[in-house]
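I have a structure I would like to understand better, so I am pasting it below and will then ask my questions one at a time.
Letters A, B, C and D name the chains as they come in the text, with residue numbers starting at 1 for each one.
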């Protein structure tokens, strides 16, 4: 756990955050908002989405915690009994408090730009989170990490084609011991095996350095250079067993031209990777991302 | 009224659209959504905003017209009695149907790019609107306009420093006879007098060719060139008696560099002017813009 | 040929424009710039690119025509003898005058937004071009086109799976009679056969409604919706026999989110299609695009 | 000087970089490129700009150092004698090597995001630079800075309205002892006095958290919120005695809407501040920025 001195420049009131998805029907909003009004909830954020394609309804609502006289557990119990029960068995919902910082484990390789960026955002309080550990398959980022009193674990990986299961088991052991809210593949460069994708479903977040679905797999900037595209991109997505095909949380692009060699694209792409990962990670930690099938609803 | 043959590529179900602003308090969403559920309304769009700064609450809701068994007038009467009355005397609300095309009057000068663009968007059905008339202080755009069977009126304006009140009176007479939903200053290049700003409050929309509040007034691209900015912009706003200071609906920018002369900026800026005006106008016509004081809430 | 009255708002001095590509070596710039200085050329634009990957050198230079005492033909003859001959047999170069408007043939289907947009840009003089003809496989855009005195030809196409060679032969006949500088597939929705791709190589320009190489082929917005991407795009490229794989001239993107249905993406995408095609077409007409293999050098 | 272990992921060949500005006339490019060809220079980057407004010519050329048989000093001497002398006494030029890392001094206050960002870019080798010292008017950023073995100096500043000359003298003394290539006001929040602006002319770089010339001075995000703009911005510029009016190096913007309070804009704006400052600083350190009057030519 990082103990280096940070002076957060962001302070926010504590909020109770409800996220919910269920089959769409008339009157859901009325039911939820009447419930929140009954418990005195002062709504500070409210977002809704009716998905005509899937027939599902999604909402995220944030109320000021100090406007509700119930504890979080009491609120959960009443919501379950008075609202969720009526919305049917397929309904998925969560009620959480924004007060507690979330725990993150970062998986890294040699490239440090995403690590540097997330460390900075934790230090300024932009991310209400703790970096519980950094796990690297190389030693390159140990010095920077440990100087900031963040635990660094080196797990060496065998080369291409060799059996990596022992290395992944060690990564899983170190990670699961910390029970993190997010496992971030911050340019990790190793493909997670299917069992870890399943175990960390909805919590493992990857930053891929292309505008997916273009340029899946290795060396996407070199693929982009060879194709002669005029924009490069980055994609933050949940990790699934299908390589680079998980639900997309966020994407962005930057302009390149004929004067940019592949190495220039690598450099320029870093700035997109950093902001796309940072947005995706923050939205995940603030419960702004609802996954439905292969897609996401993001109440940003 | 344009009679040239258009084949709209956009079709949408008819919707009843509610927009409302009132002092914020607990339970407003519950009241409105319970009302809509009671009349059977199938909500297809719902957006809310609680403005902590002004203490006002804003919402826009769209329901499928065929889900409600009442006529629009009946719905209005019931909403007035059952909801609006309870929300207090400051409440401002509208209930409209999306079925009827809106009427637009365009005020133009010599530059045709915004006129061309809006004509195209009407032709494709992107704007559910009719161009009731084009009024120009020069003849330059008559030929293009009349070829498409849109009425064109030439109202000559006196030069700088001379009394323009008679010319503006003629513009007002021609415009008011058509009772348009929007009066669009599509690069009109004349400053509306205060009485017209008042008469058309909330309906007169201007496109200013800078990123306001930078470069108010004349020749903003030349001002931008002189200052050496690296982005140029355009701003769509409601017209008020304060020059270029009305509530902003939309803005956007484009990159320029040292190689761009002021004339290049003029050319490049046209593409931003067109899309910024088009977005602002469409949001206005679809009742997506709520004005509060000097600012707008845009449920885009 | 369009005869409707246009009042161009853009005037530019006539320029002689040199474009050149050759194997890279030391001293090319010195040779070319010394030649231009010798003939008195006042360079108003100069751009260079050394492509480390292919080992080729590219340049585009524009000089004021009135600074050179030679005719264009004389200038060509001297450049061929004094410069090009020394640069080797692989050298490709052109010397053209910006004075003459270029001829465009537009191939269209039912969607009019790209046609409307290009017509507007010709009318304002932004494109120094004439629309020599519009050829449609449907009648939908005849009325708009003919009102502006632009010839419209309807060439009916058989349905999917049937032999389209007669229809394409008619399109080719109509087009080739006009010997256009650009054949623009302005949302034509028909795949050009290989022989026409070859005949129009470097002159046939397509606008594809996705950020290539993502979503090749039919209904790209629906593919984008199904994948859940957070940005949609458009790509302007030269047409080759490989579907949607020709050299890319320009691309751009727009943000979408979970609330956008495929139909919303279609609407929003139009604005990107229009500007991306307009930029690509203008650069092509101004000899700013040099093709090398599968890629382009764009001196924009 | 920072001694923490960094493993640059960027390696580049050494280049000799020529930057030059002079009154425009025919034949300058020929003279320079002939000179470079004569000394065997392999040009890897070349950019030119003829400014029609000011009548000046600007160029930046980078040649591979290993292609030139002369030392840097010899090259300078020959360029002075053979080229610069002929271009007249107003000519300003520099010839530098890209091999040597540049020295930076950062002036900071309480907000760490720009400091974090620059530290990361130095660590990855994106900036070929050393952070010679960080000087803060508060202690907040000492811990982070010193953990990375970068010297931190605290110089307390008196409150508004009091005489700050002693504090600025101390800042100048600490800074000038290091003779840095760039003095970066990384959200320093203090207005440099005129004498320091003069002493550091062309070396002092500020990041202002608005899209200048909008919102000069204090609390620009709060000014932006009050005006209701739809985009916020950041501007990197050279510091001059006119507050926030120095030559602009780079700008960018991000979208906001009615749901963003001023505090949200502050958060969102940080990402723009970081990338805008990073681009501007890198271009400055790589001699890509030529100042002429109140404007810059940026060969990015």
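The definition used in the following text is that contacts are C-beta pairs under 8 Å (C-beta built on N, C-alpha and C of every residue); 3 or more make two chains touch, one makes a residue touch a chain.
Everything numeric in this text was worked out from a predicted model, so none of it was measured.
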Greatest Cα-centroid separation from subunit C: which chain? A
Between subunit A and subunit D, what distance separates the C-alpha centroids? Give it in angstrom. 34
So the centre of each chain is just the mean of its C-alpha atoms; given that, what is the distance between subunit A and subunit C in Å? 41
Which parts of subunit D, given as residue numbers and ranges, touch two or more other chains? 52, 259
If every chain is a node and every touching pair an edge, decide which shape results: line, ring, star, complete or other. complete
Subunit D partner, complex, touching residues on subunit A are 4-5, 7, 9-10, 45, 110-113, 116-117, 119-120, 123-124, 126, 140, 143-144, 147-148, 259, 263, 267, 270-271, 275, 278
Spell out the residues on subunit D that touch subunit C in their complex, using ranges where they run on. 26-27, 29-30, 33-34, 36-37, 40-44, 46-48, 50, 52, 67
Please name which positions on subunit B make contact with subunit D in the complex. 49, 51-53, 58, 211-215, 225-231, 233, 247-253, 257-259, 261, 294-298
